[in-house]
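Quick heads-up: structures coming right below.
Shared chain: subunit A. Partners: subunit B in the first complex, subunit C in the second.
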Partner chain A sequence: MALDEFTRSHWYAIGRLEDVPDGGSRSTRLLGHDVVAERRAEALSIRLKADGAPLKAQERYGHVWTTLHDDPRPLYDIPEFEEKGRRLVTAGCVSVRCSGLRAVENFLDLAHFPFVHAGILGVEEQATVEQYEVEPDRNEDELWATSCKFYQPRAAATAESGQVTHYKYRVPHPFSTILYKTCPIRDDAWDLIGLFIQPVEEDLSDVHSFVLVFDEDNSDTDLLHFQQTIFLQDRFILENQVPRLLPLVPGSETPTRADASSIAYRRWLRKKGLTYGALPAIRAA
Partner chain B sequence: MEEASLSSWTAVGLSAAVSPGTACRALVGDHDLVIWRGRDRQVRVWENRCPHRGMRLSYGFVRGDRLTCCYHGWTYDGEGACTLIPARPDLAPPKAVRIGQYARAEHAGIIWAASGSIGMEAPSFPGDWIGCRSIAIDRPREEVDSHFASGRFILSHPDQHGEINRIACAPSLNGDGVHRIELHDSHLFEAVLCAGQPVSGTQTMLHVSVRPRGAAGKHGEALRHVSDWLKEVRTLVENRRAGIRTLGVPRARLPHILERDHGPG
Partner chain C sequence: MKLYDYVLSGNCYKIRLLVRFLEIECEIVAVDFYPGREHKSAAFLGINPLGQIPVLEDDGLVIRDAQAILLYLANKYDGHGRWWPSGDPRLVGEVTMWLVFADRITATSSAARMHDVLGYDLDVGAARAGARSVFRVLEDHLTDREFGGHEWIAGPAPTIADIACFPYTALAHDGGIDLSPWPAIRRWLRRFTNLPGFFTMPGIDHIRR
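Up next, the complex of A and B:
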């Protein structure tokens, strides 16, 4: 399958900074191509394994990024990474047997909390998803879901009791998504949790997750454990969804009003002409 | 290769393996099935895919006579119609949502399924059968079938006096992949029924029931013998393909099963 231009034009995280230490290298796979990242005398270089062709490289948000495109669109900004007092915790990548698009859609989904993350991010007695807004930004380069709220018995590693958590979601990239949730210890701030997904193949994804929070109490390990517990619950779902690729044909699955973000995400992908990791409508065209 | 399809009745599990309140998964070639039983004791065989977002329903949970998907809790009644969307309890679930159903039946302690349009009666087997065991064999079903058809299996067990009885298993074929073996000389069994589920081009799940003879107190012993025998059936079927002649396997390792001479008689 030829790679669509939209997917090809993006930057992808292929590992954490510490995964490519000085003098070290990391072999991985991106969009069906073997790539090698190396650091010699502090300088990072990335190339295609097949013919050694150099790829563009950059280091941002605690990760190493590359692209298969000669003239990629700029990597999106996450201004919160500049804010003082935040801690970045990365979990390293987890391989998931599904399209990265399925993983993004799952991340945007509120309705699964009471079932998949029962007792942590939701309870079945309060499963109703209130209306929320989903919109593309002005240039349709990203999607935002705002004014989401949900009752959570243990919303974060710092939370000791239940609370109504307020959420915003940002999809700045077809294979990246960031969640902004009310910080349990600071009224004026949002905690960030995000996924940088590395599409290894159409139906195989390396998911790099990060947490960027104001938190003085929990150790990195506590924060990691919490995120890992959540993510493993999601992985079980993702690996048991049929089909593994995201169906973009309207009518192949059954969204309702509680699935506004899924509807908008799929519509956005269709509009951008994305086919990689998706089924199958645009492909036929 | 045999087309793995559900155009004829196919064994997909032992009745006893799907107790009320549980759901499980069965594969028949490209067909991914969820088998579940409500508190009403009715077994259902559906497409293993939630119409909402594609989650396998075999991981769902049975509540009363309904099946709830584990992803967002959409709940389906016995006919496969959605009755509840927990995220929007105010919303009447879309009528168009209905899960694909397979025809199903329970006979001889085995659950049978066929594609919905079958129009043929499920196989029925008179007498009192007890589900014994399901065993996975790493060979396609037609290969398992040909072993049964050749009548090579010999079931042996001690008789009342402790003498070893060897009973040649001359099966009668009841349609695709179903072998009924009548054992007139055994004090433990009247018959054994072996029904193969073509899981994939390389794997068969054999579901086996027995019709024991004699007092109920002896049934445990009968089931144990058949269960041991099945392990040996598997060894024989899997090894032959790998080129290991059964005759080369020390007899001590195959106490219950022998290959019959190919000569006359």
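Up next, the complex of A and C:
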């Protein structure tokens, strides 16, 4: 499948800031192209390995970002990164043999909590997903799922007992997603957990994740272990999904009401003309 | 007692399994193995100059190497001699042989997993080929054991040899190694996940019968 304009027009995280230290470099692969990021005298530069062509570069949200596009759409804002008192833990890159779209869709799914994250994010006795709302923002540049709630025995590294956790999900980018969940220690704030997915190939993804939370008890390493435990549980499920690409053909998989965010996500991708990492809605004859 | 631990490490997980099976108390110290490489930091090299986890501290003693830690814990805390049947020279020989074998599983299957999951730069083809030849040996052994009416690697009950060999066998698919050619291994994994007190780690299928 050729690289569609919507996919090509975005910025992608290709590593943590620490992965490209001064004097160092990181070789990786983005959308089927080998790229090299390096830093000399504090200056970050990124280029295509094949012909050395320079690529745009920026550093945000604890990560190094690049794009294959000459005139990319702006990288989305995450205002919470500016808030005082939050702690950022970047969990490093984990490779998964699936389309990055599959990883976003799984992240949006509440129904898997009691089974994939049993004893942490859900319990089998309370597996019902209550109705929630999903809609695009005004310009249809983003998708939001709101008023989600779920009983969780250990919702976060700080949680010592079970609680009904409230969630919001944001999809500001076809290969990025952020969840906002009840902060166990602050009533007026949400904790953020997000995935910045680097599509290596259509069916192979490097997933960068972060935790941006209010937490006074856990060490960064405790938060890291919690996040990696959850994501590696997801990885096991993602690698067993067939096909590895995300089907955008309506009716190719059978959703239930709990899958409203998945339905909306797939519809949004179709509308944007995305084909990379997807089984297309309309196949060329 | 204190265990320097990483949640995604099969070698740390095997120590946590024995701690649970023996119902002993152990403080867990989280190490930022990935992405922070804390096990290679100067501070950690002071604890283990080899720069590896797990490491166990107990009564002023510092022990490294997963199999050595299993031996220490079983000898010190298993009053029944169940996990380390030290009174039977024949079994001691067999269990030790398979404890050493466990490092071959780590060197191959775990290496493939480090490549596929965490992007370690190594020859994954060689790692997978090595894992397949190691699993063939384990498969033949477990098949022989089943013909003799036995369910475990050595002796009549599970030992630290089973604990040592379990994690990186059960995690083989993380490194792109398909276990379907090895039915005796898969039956043994299933028996292991049904042991009383068993708990899983991410990447291990824990459907129980």
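General observations
Please note the rule applied: the second predicted complex is superposed on the first by the 282 of 285 C-alpha atoms of A that agree within 3 Å, B and C clash if a C-alpha of one lies under 4 Å from a C-alpha of the other, contacts with A are read in each partner's own complex, and residues count from 1 in each chain.
In the analysis below, a residue touches a chain if its C-beta (ideal position, glycine included) is under 8 Å from a C-beta of that chain, and two chains touch if they have at least 3 such contacts.
Remember, it's a predicted structure, so these values are computed and weren't measured experimentally.
Taken together in the superposed arrangement on subunit A, subunit B and subunit C fit without clashing. With both structures placed on the common chain, the touch criterion links A:K149 to neither subunit B nor subunit C.
In the superposed model, A:R235 makes contact with subunit C only, not with subunit B.
Using the contact criterion defined above for the overlaid structures, shared-chain residue A:E124 touches subunit B, although it does not reach subunit C. With both structures placed on the common chain, the touch criterion links A:A111 to subunit B but leaves subunit C unconnected. After overlaying the two complexes on the shared chain, residue contacts for A:D19 are found with subunit C alone; subunit B is out of touch.
Closest C-alpha contact of subunit B with subunit C, superposed model: 5 Å. Within subunit A, the residues touched by subunit B in the first complex and by subunit C in the second are 236. The residues of subunit A lying in touch with subunit C in their complex are 16, 18-19, 90-95, 97, 206, 219-222, 224-225, 228-229, 231-233, 235-236, 239. For subunit C in complex with subunit A, the residues that touch the partner chain are 6-8, 30-32, 34-36, 38, 116-119, 173-174, 176, 202-205. The touching residues of subunit A, counted against subunit B in their complex, run 109-112, 114-116, 124, 127-129, 236-237, 240-243, 247, 253-258, 262.
Considering their complex, residues 32, 48-49, 51-56, 59, 69-73, 85-89, 91, 94, 96-97 of subunit B touch subunit A.
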